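Naming follows writing order (A, B, C and D), and every chain is counted from residue 1.
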């Protein structure tokens, strides 16, 4: 089971904390965490996943600069087109906060008919709003299992 | 000057009419029309551009199936990642209606700091809402000129 | 009809001359010239095509830096992955000289079952070696017509 | 350390055996095996890596169809452009046999200045020919360590 965690590299302390909890809980639930591999929400999700004993995949936009908690790095060098790969590689998606890059990933995920669970993120029709990281992980894991 | 027209392949008659007018006016203003090269809004924009005496570029997601009004076809075979190329190749973007694919293009364009002008499209902070195709083209052409 | 001209940005005077002739003759035969949009062989092919009254398409690896003879620029920002798009967008391919990047395009073109005509390029099984730019264009145009 | 194993999905029994040994030895040397995730040489390398206790990454060209020995699947949906990602994600490359797709990966790897070690593969200037899978792995692991 692979679950993407998406969100901005420029994240607030609350978003970082939420993303770290999401990563930790995903790992504890046996999910591989897929993300864009850089800083902010991505780094927090990877750090949480490693604390939770999990595996992390960072699909980076360039050829270097992945965060220190990435186990497998895909050096896509695709620029913004890498956003597509992050969500297409996921069985479900958790969005934490986020700016325009995250919005593009939400839209692409919904276009691909993937389930997207949001923690204080864009209010887009089709995204399931979650009050807590715990709720987001619980529902994302369930959706990912059903999608397989 | 290259201006992208984005919108769904599954378009309403009103969207088709608006897109055709957008394409026509862009051509009359000397802009090359860049789009996803398929049906609906994309086809209407290309048809309008050809009626206006312009040039059309279709960046398709597969390796065939471009509409009949495409002059230059880029057979990307990149799937949804081709959305990124449509907007990155544009000096400004006009969105007509649209579903999740269009939303991803709007988000990517804003991420790349391109100006986006919308005709009955997603209500996203950063998109300039326009009442008519005429207004969208006028402002998009101006923005494209300023961006160069 | 779209024909790709591939070759290195770091080209010898002989390669530049050959590429310019190839571009000129392709334009005279009504073909759109598709290339990587940068310098060396790519620039020479575009310059020749414009002298021949044709249209040129440059699919660049970054977001800027296309040569002065590009009519339509696709700002792919895909890095080396843009090589794939250059050949997939072509009905036939002419290779002039070239280094590893060109070899990757030759291989991708042959993988896609496109005809490849070479002027002093890599000696790869499947490439048709041509003695002159004239021969390369003549055979490439014929192959492109048959492929459609 | 991430090492790519490249080769055709349409592989001979000798190539399959060599690829399986390469995968096994890479895993035993602590390298993550990166490949195109499909059949033939890719499947054999993954199977070997799992027998050797390692981790495998399959960057597939579509959105499904990865082989049974892939731990992390990147569903690129990029068509042939995914070849670029396989080699750009590697610290060194081992080629086993191979057809045009493999040739494109060899060329792209050399373009990116990655070391390529070949077992009965294309005879391209810049590829280090190896007599055995053992030799290829030994030298690839050394090159990957030096590259970091």
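Rule of thumb we're sticking to: a contact is a pair of C-beta atoms (placed from the backbone, for glycine too) under 8 Å apart; a residue touches a chain by one contact, two chains touch by 3 or more.
Keep in mind it's a predicted model, so treat the numbers as computed, not measured.
Greatest centre-to-centre distance from subunit A is found for C, with centres as Cα means. By number of C-beta pairs in contact, A-B leads over the other of A-B and A-C. For the pair subunit A and subunit B, the distance between C-alpha centroids works out to 29 Å. Per-chain CA centroids place subunit A at a distance of 40 Å from subunit C.
The multi-chain contact residues of subunit C, meaning those touching 2 or more other chains, are 63, 77-81, 84-85, 88.
By the touch rule above, subunit D contacts subunit C in their complex via residues 78-81, 83-85, 88, 99-101, 103-104, 107-108, 110-112, 124, 126. Those residues of subunit B lying in contact with subunit D across their complex are 63, 77-81. Residue ranges of subunit C in contact with subunit B, taken from their complex: 2, 32, 55, 57, 59, 63, 71-78, 84-85, 88-89.
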